[in-house]
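Shared between the two complexes below is subunit A, which has subunit B as its partner in the first and subunit C in the second.
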Partner chain A sequence: MIWKITRWGGRLYTLFVFLVILAPLVASLIFSFNSDRFPSLPLKEFTTEWYLLTFTDPLVLEALQRSFLVAIPVGLLSTVLGFAAAYSDYRYSFRGKNLFNLLMMLPPTIPAVIMGLAMLSYLSRINLAGNVYSIFISHVVISLPFAMALIRLRLAQMDPSLEEAAWNLQANSAQSLRYVVVPYCAQSLFAAFLITTAVSFDEFAVAWFVSGLEETVPVRVLVFLQGQVSPRINAIGTVVFATSILLVVLAMAVSGVGKSIRPKATDQ
Partner chain B sequence: MNININKVALRWSLIGAPLLWQLMFFALPLLFLLVISFCSVQNFQLAADFTFKNWSTMLGRDTFWSAYNYTWALALATAFSASLFALPAAYSISFHMSQRMRTIAIILLVIPFFTSYLVRAYAWQIFLADNGVINALLSPLGFSTISMLNTTFGSWVGYLTLCMPLVILIQVMGMMQIDPSLIQAARNLSAGPFRCLFEVVIPSIKASLVVAWLFAFILTFGDFVSPTYLGGGASPTLSNLIIDTVKSGQQWPRAAVVAIAMIATLVATSLAAMAYAYKGKK
Partner chain C sequence: MENILIEVDRVTKRFGDYTAVTQTSLSIERGEFLAIMGSSGCGKTTLLRMLAGLEEPSTGEIRLDGVLQNGLPAWERELPLVWQSLALFPFLSVLDNVAFGLKMRGVPKAQRHAQTWVWLKKLELEEFAHRNVAQLSGGQRQRVALARALVTEPKVLLLDEPLSALDAHLSVRMQALLRSLQRELGITFIYVTHSQSEAFSMADRVVVMSRGKVEQVGAPKDIYRHPANRFVAEFIGNVNIFKGRIEGLSNGVATLQTSLGRMTASIGDVSARLGAESDFFVNADQILLNTADYPGNSIKAKLLSYKFVGNMVTLYLEREGGEELKVTLPEPAYDSAGLKIGDLICASWPTVSAHLFPESH
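== the complex of A and B ==
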């Protein structure tokens, strides 16, 4: 009896937690179509005015263009570097490997403001600050760990003898990498590309520090936020949500991440 | 296609490319932060002299220490409350859901992590404002208006938004490693659900609990969005202090001092947490 109560209580509570987690996304969607300037209940009429205002704003359009211009190359390079790092961790043993992995995986744990300040001061020292390249460089640093983790998970599933078989068949190590490992990881490579693109598309703090006048979409949102309350933020926010969700869901569908596997009972 | 690259060359280019990138654009910038904290600013330019002035100025200011204490206390409170709130949900997802439901739940937890935190924080204004959704729902019940926006409570709600999905996810990953027959065994030995939670589940996932706690601490300790847009900026956090110092004063060296103090705190907290997590193992 008590188990049944906790079971249903737990489910109910979980539902509540999910409602709270998803509430901002839903609210932003609803109020982006609400004609009242100030988001409050009850709702006024339905309108697409905020979307029109947002997508006729040259600054927003420019930012949107710039965001994609940065995010797609970031996705490509982070995936390539992430693959190299994941494969190095999987295949090779070398001195300082722990330090190597730490250097790869650490960036997301550094607060964005600190990364922003560090990148700004360093990149302006080497004359790379205040342009799209500075955003590109910073975003690759932040995104690489996500690509590495995703691809490393896939490599962990690969039987090492697969590559050994290729070597026995006279493939050199570059050939086995090209014809065995890369095809085996193809899905996770694509997923890594999508996730890292999403990370870059979504990143605002570091971009805000290093970009100068070259705003990306989330930086544009930040600037809107520093101004006054405007339903346009909900409109642009809904579009940003939709883009990120699309990329992330696609990545999860491709890579099969999210399929939770419970290990079989082991006899220890 | 004939690929003929030397084995050694391949090995070093695979290790070398990401290594070089992260050294050049991650390790060096952080080191550079340490260097400029000893520089002075003359005519809006960094001067390469060696001075402790930035350190003594910043560490001598009350505003620094009040921001430090506030940030630390709020991050600590958030990490503990998020862990506590997450636990029943993680338990339910791990043990009381079908495979299919669990997959959906995990997807719903991963999505927010990559989905504009900035806009989600802003959207909380809709709920928390004096004429917002929560007050609109409460007023027919006879409540007077509750101020939630631009308070520490507002920051806390934003922080929970930021870290709850990740905390639940890490706890679920820990719980999925528990053999379900252990729980069944405890049940057969007539342990109730709470005894099961405290004597079987929590001890088995201690490391995951600590890692989840640590992530919540790290995320909130460095955040500036919630304290600015939900906390009203009344009590600045360390990140706010960095932004103010950089954006208004052009005082990069002083901001670097704050940044290094933050990193030192994060490293110390992480080491302590990990030592605690793996205490008694190995």
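== the complex of A and C ==
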């Protein structure tokens, strides 16, 4: 009896959490198609006007382009560096390894505002603030831990004798990386690329500090909000959300997260 | 020496404070099937990994064909290994798994494939060539691992307990395959196992290891008949060990005083001293039941239990002092003896079947 109550309680609670998280997004989605200038009930007619207005605004288009221009290279570089860090952790033992791992995992634990401020003060000192490169650098720092964590998870499943077998079959360390370790991690590498791209595409606080006049989409959204309450916010928000969620879902699908994290029998 | 392929020369391997292999020397001949046997942690796998270059000896030398191997990275040695876990590449097809070694050597694609197909055929894997290794049965995966290691036509194949994951039936079939493959290729197989039956059924020579040291090297029959010491005898398992004090030495026969009375044992090439405490052993299949032929070496004992293994029966007898005596005999002999549990039996053996151990140090 009691376990039944707990189970239903748990389900209700989960449902409640999802509602709280999703409600603003759903509201934003609904109002993005509503012709009323103000987000209020009852709803008026259905319209795509806000989308048209948004995506004909050259500032938005420019920001969108810039967002992708930053997010994709960020995804690529974070994945490469994340793989290097995860592989170092897997293969080698060295002095200060724990410290190294801690340092690698640090960025997401730092409040975004502090991170943004720190990045701004450092990058401006080396004359790199206020341009696309500064966003790129900051986003790599923020995304890298996600890539490393994902790839590390996959490497942990790898039978250590797999790489030894490659050496044993005359593959030197570079070849064994190229022909054994990377193919083994292929799915998680792709997933890491998608996730880090999504992180960069979404990131606001740090980009706001370091971007200067080179706005990314989330920064543009804030600028919209500061000017006036425009229903275009809803349209742009819906697009940003859809893009990010698409990347994450894709990443989950290729990496098999959610199916099972246990090594398959085939890995034996 | 012409015929020596691999020389392990006073090799020691330490991991921190732990010494896995201690001052081990071993000469491995061209074309022989050598089994290295011992319980887990005896250093047999470490020794094999040092041969493959996956571990570096702390001291001592390893030579292949007279060429020093110390310091060579694994990929510059030609000592392919078959792993206990097989370590097949899960993201490659059977064909690509087998071709891997050739690809790493830069063999051109056409030649690579031709050579790979030869081995796929030899190990009856052609129909699986384009399958993923995950889709294969245990025995098929085993053959892929063998083909992958042999495709580069090495002089030596190292095997690390490759059959331990298979069921008994399949294991016996794979043993026959390995033995015939080794004869056909004429290359050296070095086979590490904890299983006496695998080692004894396949190997030309067996190395028994314990706690990082070689206890005995010899043909399976020699090890079985003449275990060099108490450890090997107990590991082989099919012997009865007695304790005694030497009271007389003459004509290659020692007379010993034991808790069960006076007994005799052949000395062999062991150096024995009068008055020394000494162990001796009798193989379980050398003991005769209820015959009055060997009055010097006979024991009265009660039949406790028995066990059938193949067509042999092992009887467990309880001696007067409560100690156990093991006797094996062929099933027909057991049937005709008409024994029942609880019967008092006279077990006896000739002096030539009892052997002194060298004094333990």
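Here is the rule we use: the second predicted complex is superposed on the first by the 259 of 268 C-alpha atoms of A that agree within 3 Å, B and C clash if a C-alpha of one lies under 4 Å from a C-alpha of the other, contacts with A are read in each partner's own complex, and residues count from 1 in each chain.
FYI, contacts are C-beta pairs under 8 Å (C-beta built on N, C-alpha and C of every residue); 3 or more make two chains touch, one makes a residue touch a chain.
Not measured: the values here are computed from a predicted model.
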So, after the overlay on subunit A, do subunit B and subunit C clash or fit? They fit
Q: Using the touch definition from the top, say if A:31 reaches subunit B (first), subunit C (second), both or neither.
A: first
After the superposition on A, what does A:45 contact: first (subunit B), second (subunit C), both or neither?
neither
Q. In the superposed arrangement, does A:178 touch subunit B (first), subunit C (second), both or neither?
A. first
Between subunit B and subunit C, as viewed from the CA centre of subunit A after superposition, lies an angle in degrees, nearest 10, of 100
*Tell me which partner A:221 touches in the superposition: subunit B (first), subunit C (second), both or neither.*
first
A:170 contacts which: subunit B (first), subunit C (second), both, neither?
second
### Query
Now for A:117: first (subunit B), second (subunit C), both, or neither, which partner does it touch?
first
*So, A:81: does it touch subunit B (first), subunit C (second), both, or neither?*
first
The superposition places the nearest Cα atoms of subunit B and subunit C at a distance, in Å, of 7
Footprint intersection on subunit A (subunit B / subunit C) at 172-173, 175, 265-266
Subunit B partner, complex, touching residues on subunit A are 2-3, 6-7, 10-11, 13-14, 17-18, 20-25, 27-28, 31, 38-42, 80-82, 84-85, 87-88, 92, 94, 100, 103-104, 106-107, 109-115, 117-123, 125, 137-138, 140-141, 144, 148, 172-175, 177-178, 195, 198-199, 202, 204-205, 209, 218, 221-222, 225, 229, 233-234, 236-237, 240-241, 244-245, 247-249, 252, 257-263, 265-266
Within their complex, subunit C touches subunit A through residues 52-54, 73-76, 78-81, 83, 85-92, 100-101, 103-105, 132-134, 148-149, 152
Residue set of subunit B touching subunit A in the complex reads 1, 3-5, 7, 10-11, 13-15, 17-19, 21-23, 25-30, 32-33, 36, 46, 85-86, 88-89, 91-93, 96-97, 99, 102-103, 105-112, 114-116, 118-127, 129, 131-133, 136-137, 161, 164-165, 168, 172, 176-177, 179-181, 187, 192-194, 218, 221-224, 229, 239, 242-243, 246, 252, 255-256, 259, 262-263, 266, 270
Given the complex, residues on subunit A that touch subunit C span 159, 161-162, 164-173, 175-176, 179-180, 183-184, 186, 264-268
